[in-house]
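Each in structure tokens, the structures are laid out below.
One chain, chain A, appears in both complexes that follow, with chain B as partner in the first and chain C in the second.
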Partner chain A sequence: MTALPIRASRAPLSVLKATTAAALLVMGLGPVLAAEGGTDATINIGSLYEPQNLDNTAGAGQGINEAFNGNVYEAMFRLNDDGSVSPSLVKDFKVSDDGLTYTFVLQPGVTFHSGDPLTSADVKWSIERVTSPDSKSSRKNSLKPIASIETPDDATVIVKLSSRSISLPYNLSYVWVINDKAKDLQSTEDGTGPYALEGWQRGAQLAVKRFDKYWGPKPENGEVVFKYFTEATALNNALLTGAVDVITSVQSPDSLAQFKDNPDFTVAEGKSTTKLILAYNDRVAPFDNVKVRKALARAVDDKKLLEAVWGDYGTLIGSFVPPTDPWYVDLTKTDAYDPESAKALLTEAGYPNGFTFTIDTPNYDPHPLAAQFLQGELAKVGVKVNINVITANEWYTKVYKAHDFQATLQEHVNHRDIVFYGNPDFYWGYNNPKVTDLIKASEEAKTVDEQTEKLKEANIQIAEDAASNWLYLYPQIVVSKKSVSGYPLNGLNSQFFAYGIKKAE
Partner chain B sequence: MLIAAAVLFLLLRLLPGDPANALVSVGADAQQIEAARRQVGSDLPISAQFVRYLGQLGSLDLGTSFVSGVSVLEEIGRRLTVTLPLTALAFVSAILLALPLGILAAVKRDRWYGGLISVVSQLGVAVPVFWIGILLVTAFAVKLRLFPSSGFPPSGWRDPLAALHQLVLPILTIALVMSASLIRYVRSATLDVIGSDYLRTARALGAGYGEALVRHGIRNGAVPVISILGIELASTLLGAVVVERVFSLPGLGSMLLSGIEQRDYPSVQGVLFISTLMVLLVGFAADLIQRLVDPRLRGPSGGRS
Partner chain C sequence: MTDATPALSPPSSPRLTPAFVIGATLVGLHVIVGLITLFWAPYDPTAMTGGRLAPPSLAHWAGTDRLGRDLFTEIMVGARIALAVGIGAVAIAATIGVTIGLLAAFASRTVDDVLAATLDILIAFPTLLLAMLIVAASDGASLGTAILAIGIAASSIVARLTRILARRVLAMDYITAARVSGTGWLGIVRIHVLPNIWPTLIVNLALQFGLAVIAEASLSYLGLGAPPPNASWGRLLQEAQATVYTAPFGAVAPGIALVSLVIGLNLFADGLRDVADPTRRRR
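== the complex of A and B ==
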């Protein structure tokens, strides 16, 4: 939805402004002055992703990672904005020679917001919360190799694995360390982060305040308020009018011009991990045929689509792996746009006159637009597309759970999620034993280099098989007031570390 | 009320999707999805779910949200502190706008401004609420910086001026749209009165035009307008859904919308139950007021002919 331009005549408006302003002042309703800058400043962050609750293992949505990861809760390790992983609540760790025993020593002097000290028992409880049968965490599977957790003393945690897991530190960066005495994690918190929850007004905003007993460096601001919006236009207006200082991730390309041409704002482009893909159900005909999938990949001009949606922003990808993942290879040349060879491949595959299929299309941007674009592109090679619009909720029932679909459009936001292609039971049903083995072996690798090599090989194979049709990588655009700086640009896994944000005085 | 509850319950279940889906994300396995279904009870047959729901209603328990785990009744209470003042103030503003304009449009229907009022109000009926909202935001928030473009202060009504300041544009949006149709009703009710025999009689007895209109006209003209007001007030409650979205207000409407998106049945059922109740109450109140204004409606025994 775009705002309608208004070209009202200046004179009557300014008269109206003066009189209304005067009236308001008399009534004591003058516009609230923006908060002061400096080290005690309040940073107002505008976002479209309100958490549904405050527990990241109970369906809170990506908004909770944005607000809480690294801000309210910390993990044993931290996934930095550049994609690297560094110890956070862990001071030191050792890995046994067989790679099956990890010994972690915790940071001393860490205090929960409730005042309790951090102990190894809290860490054990926190990990088991994610791996428990009740957990709805999407990360549960990645922690499967954990066989047992021991706590010989208050500062030491020993994790024993059933098989090697080279990404254990990375996977632990998703596991919030919570006080094991905490209750009602859906509406309260007890973490160790630089901010403590101050208040949450559902449907409107969530405020966190600097925690004075924080063990690490003091945040650059005193308070952070996440303000939530359902309409991108309303969010943009809030930034224009100064109600928010920064927008975590701009999702309406049309609105960028008003900020780019305005010296009061900074438009910054980071690297995203969000991919728009056309996923086929690789189990069913004709998509069980590699040639058909390759033909469809060649029939679609991804560049044209990206430009239509995002203009100059965004990145083309040749596979599911974005450039920030260590196993990225430039695969845009594999099955590049070539409608002639697409037709030839279709003939070879036994569909000289094309075929008809249905794309289950989520009802929110950019999916409907992309579906129409695909309809047009594929018609040129004789393939007819029906568009079936569904809600996000139906998508889970029909596509994700029941696998009752031919093809679907979907955005995948996670970092390092190539592993989904190693799971033949995943919704798209891609099943290449070579890839499954490579992905499994990569996790059991002895070194990061070995892991990277194996995943690169898997990546290339997946692209060769045209397992899905990877359309483009979203841009990650953060817009802020000129006076505000120090925010994370890439927002990996929707994280938005707020402690470095400064507001000029 | 019971029938309404049953219809709501069934219609919601006809929507494709599953409330458990709001609890899982991509990466969850079949086992986790089943666990989520057990947690929200969507694995039970519909009849069993309905019995459970009726049992809760019987004890005036609207349940807890599947998604946030918060008591639905408490959440509705919090949301009403936004929606009720918004609706009430918009309603009063609409009346304050529509009554004088409508009467003026009728009395001065031969003058150019009488005609103009009719035309503009006719147009106003056709304009969608969200469009008015966007126009007002662009003009008064983005260009003139007089009012905030959206939101509601977290302190709520503890700081009444700040809260009111935030609500000016949403109130104006609803009031404008609502007064458009009200003006037309007021105008036609006034026209009826002006053309009536009793007014002519009053004037023949020596009353001035204005005096006759005030003494005899208002009461008579008010009866049909009040019943329309009742309906309008009820629809304002529903119109708040759209306005709350445009202005990002944490009201009942936004609770309903996100509830439907997530198939959070307890929230949706709770909101619809409470709003149905309110619509019935408003209708009842309109009836009562009509009887107060017009003694002829007070039943056959007490009526004068």
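== the complex of A and C ==
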């Protein structure tokens, strides 16, 4: 749902800004905010991911999903924190026998924050917003099977598909339902969620307030304030000093020591979907050669890298699929660490003396560190690595858009994103017709079991092809004050549902 | 009383102030360490030789970083990078700055005004921002682009100083005499201007050296300096930031190295000024 399937940047440039913000919070607002709990409590959420704007189809980054999904905007379906999908603004739906016609009945009595009632026209407009040519949503390809949307009456939406799409409800879970009269969605909102936007101070915080005409259950708190930091240390200090109540995801294992043995805080580990990968440009030599890619996979001791970056946290993965996806298979044995066979494979591939390539490396932690680790590991099998440090913006234009790269490091945050390997035009240019067909067929499957079987097969194939070098799965760690509970742990697709968060009085 | 006849008092011999001695020692130490790393270092700076974030020990004097690399080795190599950037940047700043400064001093009124205004605008621009623009405009960051960027950014300050100093000399009567006697402008520069302005210039260049070292660390901290795995102190500081609570020494050690070199350079520059400028020695 993020415009990019990756993390927004945390450039160290604005460290000063964050530190100042933290200092201000500590000195000025801290005592004021340390107010009472209860059902009208204000929950202060600390995050590193400030959205660029408020529109998830306009390159806003993952921060907007965190703040708005399920909180300010709702979709027809909801992706729950356990990975299941359940109806949200849809009360009931029917699928025709050929799987090509979906008839949705909307929840009655739903109003937008502006006061307008929810109608089928709003839903149609909202879906078309995501599929429009201007939309920068990375997932808009998934909605391609939608051929037409009909609205016979105000409460009914009929979606006709050109081909079966078993994950349509899942895909609709990231299509925000927005009032079709809404204007300027990059800085305002008009959704149906339990909270309405109260104010957004760029560079500092975004506040949402409980919406009293909400159609569903009343939230457990009165107001939620997302406070943004550009640097993990400043964020941790904010939690230590009480300026925030909870941190959505801790990005530095060493800071955990401060909270782990402290009875005032809760450290909870959820399941992450964020993968650190070394993506090759599979279009260009030598990375168009499967043997070369397999050799490089075997040359890198992922376990050692994970330990260097995360200490005792995190999980090793053998492909792009994390254990929370239904089509997970343990593939860590495929091309496991084995430098000797890596050398042999390189010789077989025609590179007995290795080769030289450049890794375009985003300038924020852990990428530069990981790049240096790879440099050391690959040197042992005779492959020389140059490190080119770039900013997140350069990454977007040079790598993601122009495909002008040999290899790059990147963190991919999304849930169920193996589908990217079925798109030969994606930035890494992996093109195996078998995988493309499997992923296409899985979408047209008649049952979830059939879909799962097909995607498992695709998963095994991309691992066999060493399509990219999947280094590790991040841990997902949420830290909060002891008095705060009820927050989501997994944060799938970066979501952070705030309505369940309770603060003890 | 003592000031009554200053012009007649015999020139005192250059006095080495304690500040100068401390400064020269600190700088000298860094130079020696930097030179040593050309031939020898305790470890390979990129080799992962120890555990993750090992504390300082006999085997690893400053401990290790997250990849298990020896920090002391990296800091030693960092001294070489810092000095190389300082020397390179100051050489560029001196070449460009002195040339433009002299041109402005000799140029017609209009050209001089334009040059002076341009220099003022450039100086108002933060050095680091200018350096970042230059690095961004070039194709990828490297040690070379960092040196070039810092050197160009510093050259405006050198140029303005040169212009002011040179104009003061050019206003002297003996310059008019030299001109009348047919000395060309290059001759005037060589015989009269440079010998008169170099003491002040040298002091300023020594200060620029210290600023260049800080600028390089800042650029590397932002990922715009020498690319990893070059052991720039700025890169070491940036990498240590994530672990500053559990392994504070990783940030403290390169910090000490950076501060000691910059303080050394500043004290050295101060001392040089005392030596070079006789008026400073008077009470």
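Just so we're on the same page, the second predicted complex is superposed on the first by the 473 of 505 C-alpha atoms of A that agree within 3 Å, B and C clash if a C-alpha of one lies under 4 Å from a C-alpha of the other, contacts with A are read in each partner's own complex, and residues count from 1 in each chain.
Definition applied: a contact is a pair of C-beta atoms (placed from the backbone, for glycine too) under 8 Å apart; a residue touches a chain by one contact, two chains touch by 3 or more.
Note that the coordinates shown come from a computational prediction; the quantities given were computed from them, not determined experimentally.
In the superposition on chain A, A:Thr233 makes contact with both chain B and chain C. Between chain B and chain C, B touches the greater number of residues of chain A. Contacts of A:His412 after superposition: chain B is touched, whereas chain C is not reached. Of the two partner chains, chain B is the only one that A:Phe420 touches; chain C does not reach it.
With both structures placed on the common chain, the touch criterion links A:Glu307 to chain C but leaves chain B unconnected. By the touch criterion stated above, A:Lys94 is placed in contact with neither chain B nor chain C. Residue contacts after overlaying the shared chain place A:Lys218 against neither chain B nor chain C. In the superposed model, A:Arg283 lies in contact with neither chain B nor chain C.
Put simply, chain A uses residues 13, 231, 233, 391 to touch chain B in one complex and chain C in the other. On chain A, the positions that touch chain C within their shared complex are 11-13, 231-233, 252, 254-255, 257-258, 307-309, 311, 361, 363, 365-366, 368-369, 371-373, 375-376, 386-389, 391.
On the chain C side of its complex with chain A, the touching residues are 46-48, 52-53, 66-68, 140-141, 221-224, 227-229, 235, 238-239, 241-247. Interface residues of chain B, counted against chain A in their complex, comprise 16-18, 21-33, 35-36, 39, 67-70, 75, 78-79, 131, 134-135, 137-139, 141-152, 154, 161-162, 164-165, 245-251, 254-255, 257-258, 261-263.
Touching chain B in their complex are the following residues of chain A: 3-6, 8, 13, 16-17, 20-21, 24, 27-29, 31-32, 52-53, 58-59, 61, 133-141, 184, 186-187, 199, 201-205, 207, 227-231, 233-234, 237-238, 240-241, 243, 390-394, 396-398, 400-401, 412, 414, 417, 420, 425.
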